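Here come two complexes built around chain A, the first alongside chain B, the second alongside chain C.
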Partner chain A sequence: MSLAEPAALPVAASAPPRLHLAKRFSTRFKASLPAYLLLLPSLVFLALFTYGAVGRVFIDALYQRATPKAPVRFVGLDNISAVLADPAFTGAVVNNLIYAVGTAIPSIGLALLFALALSRTNALTSALRAALFLPVLIPMVAASALFLFIFLPNVGLLDYYIGRFLPVLPNWLGDSDIALYAIMVITIWKNAGYYMLFFLAGLQSVPEDVMEAAHLDGAGPFTRFRHIILPELKPTFLFVTVIAILNAVTQVDHVFVMTKGGPSNATNLVLFYIYQQAVEHYDIGKASAATLLTLAALMALTALSFRTMANREGGA
Partner chain B sequence: MLFSRRLMLGLAIAGTIAFPALAEGPTEIDLFFPVPVDGKLARDMGTLIKEFNETHPAIKATAVYTGSYDDTLIKTRASIKAGKPPAAVIMSANFLLDMQIENELTNLDSLIAADGTTKDQFLGQFFPALQGNAVIDRSVYGVPFHNSTPLLYINADQAKEAGLDPNKPPQTWAELTDWAKKLTKREGDKVTRWGIAIPCAYDYCGWMMETLTMTNGGRYYNEEFGGEVYYDTPSMQGALTWWNDLVYKHKVHPPGATPGPAVSTSFISGNAAMMMLSTGSLTYVRDNAKFAYKVAFIPRNVRNAVPIGGASLIIPAGQEADKQKAAWTLIKWMTSPEKSGWWSRATGYFAPNMAAYKTPDMVDFLNKNPDAKTAVEQLDVAKPWFATYKTVPVRKTLEDEVMLVLNGKKQPKEALAAAQKAADELLKPYNAETSLKLP
Partner chain C sequence: MTLIDRLFKDTPLATRREITPKLGFVLTVLLALVWLIPFLWMGVATLRPASDGINLMAELMPSLKPTLDNIRDAWEIGDFPRYFLNTTIICTGILLVQFVTITLAGFAFARLDFAGKSLIFYLFLMQLMLVPVLLIVPNLRIVAQFGLYDTLAGVMMPFFASAFGTFLMRQAFEAIPTELEDAALIDGASLSQRIRHIYVPLSLPSFSAFAIISVTSHWNDFLWPLMVINSPDKRPLTVGLSVFTATAEGTQAWGTIAAGTLMVIAPLLITFLIFQKRFISSFVTSGIK
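What follows is the complex of A and B.
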C-alpha cells in the first residue's frame, strides 16, 4: 500500500505549466508502477471471471429475439420492463422478501441466544458450540437431500413423530401454503450456528470493567444485557443482518433440490427465477435483466448498510 | 549421444506438428449421459462404453455424466455455445423438437443414407410409438435409447386383504375409483392408508396429465406442430376433475403435490396401496417391495392410451465430420438389439429396438420377470410424449395450475383456462413465425 501512496496525494491547487504536469504525471506513474504490477494478476482474474461476466450481463440484458429464428436485436430497456411485468418475477420477489425476513430474524435471534448461553469457554460449551456449528459444515445440497426424507409426506421422520398429534398429515413440501416455511426451517437450522460465531466474537469485545461496574451498581442480568451488551453488539448485528439478507438471495440450492420453485411457484425465489429464465425459457435477455435488477438491489442494500456502519463507527 | 537424443526429440516434435494425424490415434469422442432414475446407471454406462472401446479400436469414447435430463440439456447447450459440443448425447426424448427449432441438432438422414439403408428401414427397428419423438418434419433427429410408459402398480397383498382380486386389476376409471375406495383405510377422519397416489412434481406432473388426458380420449398437444397445446378441452377437464375427485370427493388420494420418489416410498412402505408411476421404477420396486405386487395398464375412461417417456441419442449440431461418423458408429452400436436388451435388463427401461425381445437373454429375463412384459405390451397403445416450442415452460404453465387444484385452491375448469392462456402466450413467438405468418 505504501508503494501506491504517492498516487493518493492531493493535487496542488495552482495549475502548473504543461510540461511540468506531464513530468509529474510520469513520476507519479513510475512510483506506483510496482503497485500496479503487483495488482495485475488479480486484475486479470477479476476481469476474466468477474468484470467480464458482469459486463456481459449488461450487454445481454439489452438484446432480445423477436421470434425463435430471428436474430437478436437491440431492445434497450424492454427486457427490464418485461421482467417487472412478469407476475412470476413479482411473485418471486414477494416470496424472497418473506423468506429473507422469516429466515434472518429467527436465525439471528437463535444465534444471539446460543452465543449468550455459550459465551464462556469450557469443555461443555465447546462441545455444544461444535454441535451447533455442525450444520454449517454440511453442504446445502446434502442437507436438502436429507431434509427431503424428513419432510416425506406420511412416511417421513417429521410425520412419523408429529403426525400422531395432528388430525391431518401435512404435505410439507407439496402444500403451497406450507412449502416456503418448510424451506425456511432448513435455512434457519443451517445458518444460526454460523451467525453464532460472529456474536461470540462480538461478545469478546464487551469491556469487562464496564460489566463489572454495572454488576457492582446492582444492575441485573437483563439490564446489563439491554444497556451494555446489546449496544456493544450493534456493529455485529448490522454485519450479520447484511450477511443473512445476502444469503437469502444467493442461496437457492435447497429450492433447486427440494421443490424446483413449486408447488405452483410457492417457493420460487429470485435467483431460481433467473435460472428458469435462462435455462428453461432459454431467454438470456430476460435472465440478464432480472440479474441486473437483483444486483442493483443487493448493491444498494450493501452500500446503505456499510455507510450506516461507517457513520456509527465514525460517530463513536 | 546427447546431440542425437536432442535431434530425435526435435524431430519427434516437428513430426507431431507437421503430421498431427499420425500422432493422434483413435478419434476421441464424448458422450453426455444423464441419470434420471436412482441406482447404478452410471456404473452400467461405464461397462457399456468400455466394451465399445475394446471392440472399436479406431474410436475412443468417453462417457461424461451430466446430471438429470434438465441438467444434460443445459450442459449440452452450454457446450454448443462454447463451440465444443459433445459428439453424442442421451437426451430426454421430448427436448428434441425444441432443440431442432433452435438449430441445435444434426439431421441424421444423410448418415442413415450413407449406410445404404432407407429411413423406413432404419426406423422400422424401433417400436412405432417411439418414432413420433425421434422424427421431426419427416427427418430423423434422434435414435430411441431407453424408454418408459406409465404403469399402475398394485400392492397385491393389500388388495387380497380388501377382498379384491389382484389378478383382475382395474381396467376403467370407475373400477379404479372403486378399488381405491376399498383400499383406503381410515381412523375417524384421518387416513392411515391411501387407496392410490399419482405423482405431481415438475416434469412428472405434466406426464401424468398427458396420461390421464389420453385415457380420456384426448391429446395433450398437436403431435404434428409445435405451436399448440390442448389444455382447455373437455378431455383434459375430465381428467383433472377425476384426479381432483379422487383427492377431495372420494378422499382416497393424498392432497397436495407429491413428487415421484415420495410416491414410490409411500407405496414401498405400504402407505399407498396403488400408484401410477413410470416403468423406469420397476426395478426399484422389484428390489425393495417386501410384499407381492402387480403391475397393470393405466385404466381408461374412453380408451387405453399412454405417452412414452425416456431418452434418445442425438448428435449436436456443429460437429466435425470424423467425430460425427464416430458418434454415429457408437449410436448404432448402443441401440443394437443385444446392447439395447442388456441396458433394458440393467435399468428397467424397456428396449426400444424390437429385435431385442427376440434375443435369448431377453426371452429368459421376461420368463423370470413377467411384470416387465406388461410395459412392453402397453406399447401397442402408446403415443408420443408432448414436445412443443419451449417444452418446459409450456408444460410448467399446466403443472402450476394442476398443483393449485390438488392443493384445493382452484377448480379444474378455471385452472385449465388459466393454463391455456399462459401457454398460448409462451407459444406466440413461434406461431408468429409459422402458423400465423401469412403471405
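What follows is the complex of A and C.
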C-alpha cells in the first residue's frame, strides 16, 4: 500500500486539515486516477457485457412485438406471466430440478469415492486420476457425439453389450420416460472427475496422525470416515454442490446435440428453453423474461456460494 | 491380493489390513475403466473399415484391418482445418486481451489505494455471480448493435474482462515482496515499467494457470458461438462438430463421427497428457470460472 503514486503523496501530506469537501474529494480522485486508468479496460467490458446485459434483460423483458415485423410495445409484466403460464417453461424448470438433483448427488458421491481411493500419490493413482479427469477436458459437444452412438438403439454400444440381457431394448434417447436420465449419465460421466479434484484437495487437510490415533482407539474405516473425514470435508461439499447446481443450469450443449429438448420436451432444460425462445421463435421478450427469472434464482444460489467461499478463504 | 498389498504398503501400519479401503480402490479402478470406454470406442471405431458394417460398429475389439479412411472422410466432409483456425483465433484473441485487462486490474487491486476500492471490487465480483452463460440473449443483442453479429470478434468480446483472472492476478501480485518494487522505484522505473519488469515476470505460474482455464473453457464453448456465428466458414470446432455430427448421423456414418470427434479433442488431450500436473492444479483453483 506504500506505493500509491509517489507524486501524490506530498500533496496528501501537506493538505490542511479542514479542507473544503469538494477540494478534498478532487485530491482523493487525483490520487486515485492511476488506479482508475488501470481498471478502465476491464470496467468497460464489464459495463457492456455484465451490467449492460443485465440492464438489457430488464428492459427487453418489458417489451413485446405483436408480429415479428411489428414495432415493439411496452407490455409490463406480460412476458413474465406468459413465461410462467407456458407449460414448456414450467416443464423445463421441473426437468432442470430433477436433472440438478439427479446429476449432483451421483457425481459428488462418485467424486468422493474416487478421491478417497486415489488420495495417495503413486504412478497408478496418477494414471487413474488422469483417466477420470479426461472427460472434464473435452467439449460437451464431443462427449455428446460419442454418447449419441452409445445410446443408439439396437446397434449402439449400450445395446450391443448390455441390451442383450434386457427383455425389451429401451430407446434410450427416444423414450420420454428415459431420455432425461440418459442425458444425466453424460453429465455425471463428464463432471465427476472435476469434483474429484476438490475432494482430493480437501482430503489433504485431514491430519494423518489423527486418523491413526482413531484407529488405535478402535475406530473402523466407516467410523473414521463419518467422524473425521466428513467434518473436515464439509466446506468442500458445500462448494462442490454449488458448482454442480450451477453446471446443471448452464451446461445444455448435450441437450442441443442429442435431443433438442425432445421427445415431447422431456429433456428440455431452462437455458435451452431460453435459447429456443430467442433463436427459434425470435421472441426476445419471453427469452428475456425467462433469463430474468433464472438469474434471480441463481443470484440467490451464488450469494450462498460466496458465503461458502468466504468460509473457505479464497476458494476461487 | 499381493498386488493390492503392494499398492497399500505406504499406508499407516495400523490400517494396512483393512478390507474396505481396498474394496473402494478396486471399485474405483473398475469405474475408471468404464470411464475410458467412450474414448476407447472412439479410437477403435475411427480405425474400423466401413466393410465391417453397422452391426460390428459397437465392438470394442479393434479391427484386424485398421484403416485411415474415416479420418480422411471426416477431414474432407467437415472443413475441420477451418474450424481449427477459427477456434484458435477465438481462444488466442480472448486470452491476449484478458492478459492485458487482468494484469492492469489485478495490479490496481493488489498495490494501489484508491477511492471506491471495495465498491469496484464488488462490481468485479458481480461478474462471477451473474454466470455469463445465462446472459447469451442480451449479449447477442449488444454484439449485434456493435455490428459484430457473425464475426469472431463478436464471439470473443463478452469475455475480454475476467473477474476470475483479475482476482487470480491480484493474489499473485500481493505475494511479490514490495522491496523489489521499491528498489525499482528508486531507480526511477515508471508504473508500466514496474508492472512489465517486476510483476509480470514473477507471476508467470499464475498466468499459465489462467491460460489453461481460459483456453479450455473457450475451446469447449458451444451455445454462445452457435448464437453469434451464422456463416459456415466462421464456425469454431464445437459448432462445426455439431453440424458435422448431425449430417453424418443421417447417413449412419459412425466411424466418421468418431474420427471427427477424435480430431476435435485430440489437441486438448495431448496438451493435457504432457502438462498433466499443471492442468490439475489450475482446475483446482478455477472453482467458478
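Criterion: the second predicted complex is superposed on the first by the 276 of 316 C-alpha atoms of A that agree within 3 Å, B and C clash if a C-alpha of one lies under 4 Å from a C-alpha of the other, contacts with A are read in each partner's own complex, and residues count from 1 in each chain.
As a convention for this text, a contact is a pair of C-beta atoms (placed from the backbone, for glycine too) under 8 Å apart; a residue touches a chain by one contact, two chains touch by 3 or more.
Fair warning: this is a prediction, and the values are worked out from it, not measured in the lab.
**Q** Which holds for A:S176: it touches chain B only (first), chain C only (second), both, or neither?
**A** In the superposition, A:S176 touches chain B alone.
**Q** Between chain B (first) and chain C (second), which, if any, makes contact with A:T27: first, second, both or neither?
**A** Touch status of A:T27: no partner.
**Q** Contacts for A:Y160 in the overlay, against chain B (first) and chain C (second): which applies, first, second, both or neither?
**A** In the superposition, A:Y160 contacts chain C only.
**Q** Is it chain B or chain C that touches the larger share of residues in chain A?
**A** Of chain B and chain C, more residues of chain A lie in contact with C.
**Q** For A:T223, using the defined touch cut-off, is the partner it touches chain B, chain C, both, or neither? Pick first, second, both or neither.
**A** neither
**Q** Determine, under the contact definition given at the top, whether A:I274 touches first (chain B), second (chain C), both, or neither.
**A** After superposition on chain A, A:I274 lies in contact with chain C alone.
**Q** Classify the contacts of A:A70 with the two partner chains as first (chain B alone), second (chain C alone), both, or neither.
**A** It touches chain B, and chain C stays clear.
**Q** What part of chain A is shared between its chain B contacts and its chain C contacts?
**A** In the superposed arrangement, which is not itself an observed complex, chain A uses residues 148, 152, 155, 279 for both chain B and chain C.
**Q** Spell out the part of chain C that touches chain A in their complex, as residue ranges.
**A** 7, 10-12, 14-15, 18, 20-21, 24-25, 27-29, 31-33, 35-39, 41-42, 45, 54-55, 57-60, 100-102, 104-105, 107-108, 111-117, 120, 123-142, 157-158, 160-164, 166-167, 171, 178, 181-182, 185, 191, 216, 219-220, 222-223, 226-227, 237-239, 241-242, 245-246, 249, 254, 257-258, 260-261, 264-265, 268-269, 272-273, 276, 279-280, 283-288
**Q** Can you list the residues on chain A that touch chain B in the complex?
**A** 65-70, 148, 152-155, 167-169, 171, 173-177, 260-265, 276, 279-282
**Q** Would you tell me which residues of chain B are touching chain A in their complex?
**A** 70, 73-74, 77, 101-103, 189-191, 194, 200-202, 254-259, 261-262, 265-266, 269, 271-272, 389-390, 392-393, 396, 399-401, 403-404, 406-407, 409, 429-430, 432-433
**Q** Could you pull out which chain A residues touch chain C in their complex?
**A** Touching chain C from chain A are residues 1-6, 28-29, 31-32, 34-36, 38-39, 41-46, 48-54, 56-57, 60, 110, 113-114, 116-118, 120, 122, 124, 126, 128-150, 152, 155-157, 159-161, 189, 193-194, 197-198, 201, 208, 211-212, 215-216, 220-222, 239, 243, 246, 249-250, 252-253, 256-257, 271, 274-275, 278-279, 284, 287-288, 291, 294-295, 298-299, 302-303, 305-306, 309, 314-316.
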